[in-house]
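Single-structure report; data block below.
Chain nomenclature is as follows: A, B, C and D, assigned in order of appearance, with residue numbering initiated at 1 for each chain independently.
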Amino acid sequence: MLEVSKDLEKLPLEGIRVADFTAVWAGSHITQWLGVMGAEVIKIESNLRPDLTRMVFRGMSADCPMSAVFAVLNYGKKGCTLNMTLPKARELAKEIIEVSDVVTENFGGPVMDRWGLGYSDLKKIKPDIIMYAGSGFGRTGPYKELPAFAGIVEAFSGLCSLNAHPDGEPLPMATRGYSDLAAAQHGVFAILAALYHRSKTGRGQYIDLSMTEVMAAFLPEPIIHYTMNGTVQAPQGNRDSTMAPHGCYRCQGDDEWVAIAVSNDDEWRAFCDAIGNPEWIEDERFHDGLNRLKNQEQLDSLIQEWTKNHDHYEVMEILQKAGVMAGPSFKVEEVAQDSHLGQRGFFVDIDHPGIGAVRLAGLPWKLSDVPLGNYQHAPLLGEHNDYVFKELLKMPEEEIARLQEEQVIY
Amino acid sequence: MQQLPLEGIRIVDFTAVWAGPHVTQWMAVMGAEVIKIESNLRPDMTRSFFSNVNTNLTMSAEYSGLNCGKKACTLNMTLPKARELVKELIKVSDIVTENFGGSVMDRWELGYSDLKKIKPDIIMYSGSGFGRTGPYKEFPAYAGIVEAFGGLCSLNGYPGGEPLPMATFGYADITSAEHGAFAILAALHHRSKTGEGQYVDLSMTEVVSCLLYEQIMDYTMNDRVQGLQGNWNSTMAPHSCYRCQGDDEWVAIAVSNDEEWKAFCYTIGNPEWTMDERFRDGLNRLKNQEELDRLIEEWTKNHTHYEVMEVLQKAGVMAGPTLKVAEVVQDRHLGERGFFIDVGHPDVGTVRFPRLPWRLSEGPQGNYEQPPRLGEHNDYVFAELLHLSKEEMARLQEEQVIF
Amino acid sequence: MSTQALSGLKVVEWSEFVSGPYCGKLLADLGAEVIKVEKPGSGDKSRSYGPFPQKIPHPEKSGLFLYLNTNKLGVTLNVKSTTGAEIFKGLIKQADILIENKPPREVEELGFDYQSLKNLNPGLVMTSITPFGQAGPYRDYKSCDLISFHMSGMAFINPSDGVDDIENKAPLRGATLQADLVAGLNGAIATMSAIFARQITGLGQQVDLSEQEALASFMRRELGVVTVEGIGWTRLKGTQPGMASDIYQCSDGRIYLICFHDRTWEPWIEFMGNPDWATSELFADMASRRENWDAAKAMIEEWTKEHSVDEIVRTAEAMRIPCKPVNTAKEIVESELLEARDYFANVDHKQAGKVKFPGAPYKLSETPWRVEHPAPLLGEHNEKVYCDRLGYTKQDLVRMRAGEVI
Amino acid sequence: MTMQALSGLKVVEWCEFISGPYCGKLLADLGAEVIKIERPGLGDKARSHGPFPQDIPHPEKSGTFLYLNTNKLGVTLNVRSTTGAEIFKQLVKQADILVENNPPREVEELGFNYESLKKLNPRLVMTSITPFGQTGPYRDYKSCDLISFHVSGMAYINPSCGVDDIEQKPPLRGSENQSGLVAGLSGAIATMSAIFASHATGLGQHVDISEQEALANVMRITLGTYALEDVAWTRYRPVPLSEIYHCNDGLVYMVLDQDKTWLSWVEAMGNPEWAMSELFQDQVSRRENRDAGKMLIEEWTKEHTVDEVVRAAEARRIPCKAVNTVKESFSSELLADRGYFVEVDHTAAGKFQYPGAPCKLSLTPWRVERPAPLLGQHNEDVFCGRLGYTRQDLVTMRAQGAI
């Protein structure tokens, strides 16, 4: 278990401040990356409009200060509350932006423009500002006003049509928010590129990210199949057009599964020997890749005859030792407990007010010479109002109190 | 399968010296009946070439090496009657071969157009130094001439040195002869399918150009004329010939990549060379190959050339002794493969000649009958083939037609 | 040519197939100079991997390769040969970033591990993208898209809904190549963060990225719920917390519709003409709707089956109810949206001809994404890089080719 | 397209670099259908071997490959993969001839030795061209042009003359690539002979060609001399006055080995006294006093231009030509007049002049039907068109590295 580093001194984005208007998944995940990398992220919410995900949970009583979803998407950030419906609040927001480097938003429409916080407005008050706008269909084009949820984008972009059992019906993707996270990460990369450009030229810019386009970028093969040959790829599920066996097989135990893929004849021979069926090597039906593909139904059922007598970890060990690709289809809790991920320190322990120590997924990479990153617990609503208004905007106590009364800071 | 591939094919063979007889040598060994046309006025000059053995017009080494398995008859082609007889002979033959220094056959009215009339499906082969058409068609040519003219000599020599004549007289002769033999076989194949004969015109100069395709392509592609490489190679080093223990003993060694280089260094007990900046990789070895060659010779000169081959080949490095002529004949590998065959010889009993360079998995390995003496098969040709009576043959001999 | 966001960054990409190359592509498309190192002969594995025009395999016509390698320089190099290793080091000395996705053991055996390379170039950022990362018990295990997807846990909870006899169905790998693409994307982010760290410290470092983790981190919500709330999570119906959203059959296709929340539920049942069932207690509030969502779905689908995708989507969107048709690649390519956004790139390639493929998913106002040049032919830039950059002669090239070094 | 001499012959060429491909080229250029099998990726080693236009290596622009593979169909196939082996066998089943030049042990390990293949196709003629043949102690040794040239014995007697301190110089590998070319040529002839044998028997057989023997065969005269006269040539043997002479603007090669040519040359030089001395009265004495003779002749030639010497000699029908580089021979009026060089237009490499036919067949001319294939250019024609695989199969096989 890795200790969370409180030492931000050498984090890559130290000194970068982000005024964060994003909420829910796609947005929050962006600023989470920036936060973990050392940027100071100021998440702007209000009691009128808290981040939805603060309420999205189940099993935990409504008075719990923190939902798991919010906790895992917002650590490493600071939180303040501004009632943006009020002109004064927007003034303050502008002041925050003036001392910031990046502004992020992912509203369902051109809300920022309505607030007078569009890129053209912000450029006036902070010429080198980098503004990021994430949306389902982009900030231009026919659907710019449409709200979007991950599932919608996944359906529209073609992902669902490929998330299906062979020749089966389109299915919603595993985790609600797959496209949210994919989009978020492309957004992070774009912001880093813009920051790098600014570090050389001093110029800021506007970043318009469309989730739909992110998903299209993630479907190069099917899309080029169509643009090249006009053919629409059928969903393959666990199958592959050039490899067989290539599937997920039931194992010993309750709903336990293992995935196995054989990419060439050498691996096939190793596989047959490893599972004690050397005679399959000579078997006409399976003796080369083409035949294995033709007879994969049969092949899969035969292989399952073997796997179902073994535990899925066992299968991985046996086959990997023989140089054959195999791995368990992990359940979520198995992922949380997997020794490999554990030893690599994929999970971080975060001490959470009101919950105590929770073990959350970190960010999926290790830097050799930099502390793990900023994993401060996700902010409570308005937790850092003092820091923001007193330290950052240098406002006197009285004024802050007044603004709280006026429900500007609210 | 006891039959030889070309059994039943008869060749009337006017060729002499090297380039020609080597063509029909291949055909004869493969089973064709080759009838060599000579005469006491014009014997195949190789019968008397630099021969220490005899000048009695029977057989020299030159001649023996190129005329196994052939038949020989004598006709004085200067006489019209002789040409008549030859035409008769051609009528019952499949192929006519010649390699005169000029258009002799035409003068004898035995050109392709004439022969077609008497034997429509005849296959006629003409071998010459510069081709039977073009400005030099009347020039005599020797291998050396063609090798010089074709550019071969300009590539045979030591780096920085001068063009040199090729090893063995007749390199261009024999490579041309083999191209000719192949062309004749192709023509035969065509005839066997279509019944059509044809004329084959081979130019030794053009054969040499085929053999120099790399330098020619380099010239046509890059306008570059390659210089002398000697034992070196533009992409490999070490790649040369090194002096060995003993008197004038040599071994050739070639290293084509870094793995072989490592194997080489370890095998000869100089592992440190693999670390040596000068030889670390192929490019550096090429840059420093003179020095490299010197160092390698320091090692080779303490070993026999066969030793060096065995040691290096065991390590997967290319190496082979520079065999002397005598060593070639005694080489155990060629011996075990049966490259040599003992041929009967009327003067010297049996002698050891090289076979043609291939083995067929089935059947006899070819016709290696002893080379014929001048006119040895006159009876067979004139009596059996042309059904001349004893009297007539006697008369023709008096008239020196058969002579 | 105006400068781009990442102009000036020198990248060496020693990577095959998808993960590393996608990382390199993200950098190259925004202006970094990426020199792609391919093995002589067959080159990048993706060259042997379709789609191909007319399904005729050709190393220069692989759609996947063409897409993943735009804007890169291509050289061939056998890094296992002594000369090749020399050249590789020469390239590393001049680079800011090395992207590699080779088996860790292989990299160490070649002596190209970070500890060795940083001696050559202390400023080097070395991004290693492998199935299971540089450490841990699975480090040397083999994997591919299928395995990584399943070992990330994504497959086990896939699909989230929509199959009746799901118990009898195997966990599902989603659309192909997701594991590789996600890994490449995360690699690009991590690489940039290391570049920023270098601006502070002046030193490079190794980025150790695991494909398994990259995908697993997409499940942060599920993982959070499991670790925080201790709730097991499966793909089995009904156990899904959070918002219900589903695919519905229409008269002429399918839609994806979210009408669970009060804000969308009311307008939706109004759109359906306030059928009696919808007004019943069973669906009065979110809590009860969640209890009876199967019933609700069935009823809704009865209605949607009577209507066309078009009319439903148009009206629903007018009511700001999240709803879109379930598209295939064909429809997305043809869609007015991406047309209007000018999203797809049409790239003319010497051998493959005009190919249409996805552009950048983000638009940067100051430094727009663009295709400077199509994917390189195998070894196309050998001369440019080896002669102009490293000072070898053409004759050296000929020799190195003969030695199958390049 | 008119019929060619070898039209209808189906050949599978599983070869790399020079020896096998030249054999295949000889067959293809005369109309045989040659399907060339290359390993996926790098393809034929010759593709990595220059010359390249502007010295920029490119697998489709190697002069060596372009020349050696005209008229062939090209497919890629990894015969080590199960699918690849399957396809290879299907191709062999449909073929008359298989030409291969792979290490014998490898061929056996793959199960593609003749004994196995003949079960698939009893009519198959399998021609194996390897450095040392299919049998004998050196069978598995590695070799290349340099090694083969030296172990054949050719190098030891090369050059035949022209170097003063020859004892100090190593034996000399001649112009490059000769070993492979001569071996390929012998292979083509032997292959055709096996085809004729199969006409009679209906059965194929295994043709075993050894590069070492193919070259040694070129020395058959030398070997004959040794066998018959016990004279073993060396590179510093005395030879008659047939050699290279310096002129004031270049070199000529002149043959003065016979009394006739000698006398007329003496006359050409204006009958100098020295030439009259008994030192040069006959062939034997001229050979003994070669060095003196050469020196004296050169005193004269050095006063004249190459042109003058050649004209003077040829006027007297003395064989004599300038020593050319490929540039001069390429540009010579002779080859132009014979229309020897052919321009070939290749999609990737563009237009270049290639060496043309080694010989002209009047009825079924040699010709370039198509340039050398691009790597895998005919995969679809052959695998789909001929063997009935689908395009999707091609995609799969490519992904699995089988093609």
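In this section, a residue touches a chain if its C-beta (ideal position, glycine included) is under 8 Å from a C-beta of that chain, and two chains touch if they have at least 3 such contacts.
Since we're looking at a predicted model, the values are computed, not measured.
Touching chain A and chain D at once are the following chains: C.
Relative to chain A, the most remote chain by averaged C-alpha coordinates is B. More C-beta pairs in contact connect the chains of B-D than those of the other pair, out of B-D and C-D. Between chain A and chain C the centroid-to-centroid distance comes to 12 Å (mean Cα coordinates, whole Å).
Distance between chain A and chain B, defined via averaged C-alpha coordinates, is recorded as 76 Å. Note: centroid distance chain C to chain D, computed from Cα atoms, is 53 Å. Within chain A, contacts with two or more other chains are made by residues 241-243, 263. Contacts with at least two other chains are made by residues 234-236, 256 of chain B.
Counting partners per residue, chain D has 49-50, 52, 54-55, 392, 395, 397, 399, 401 as the residues that reach two or more other chains.
Remark: the chains found to touch one another pair up as A-C, A-D, B-C, B-D, C-D. Residue ranges on chain A touching chain D, taken from their complex, read 241-243, 263-265, 287-290, 293.
Note for the complex: chain C touches chain D at residues 40-43, 48-50, 52, 54-58, 379, 382-383, 394-395, 397-398, 400-402, 404, 406.
Within the complex formed with chain B, the residues of chain C that make contact are 81-83, 86, 396, 398-400, 402-405.
Of all residues in chain D, those touching chain A in their complex are 81-83, 86, 392-393, 395-397, 399-402. Interface residues of chain D facing chain C in the complex, by the touch rule stated above, are 40-43, 48-50, 52, 54-58, 376, 379-380, 391-392, 394-395, 397-399, 401, 403.
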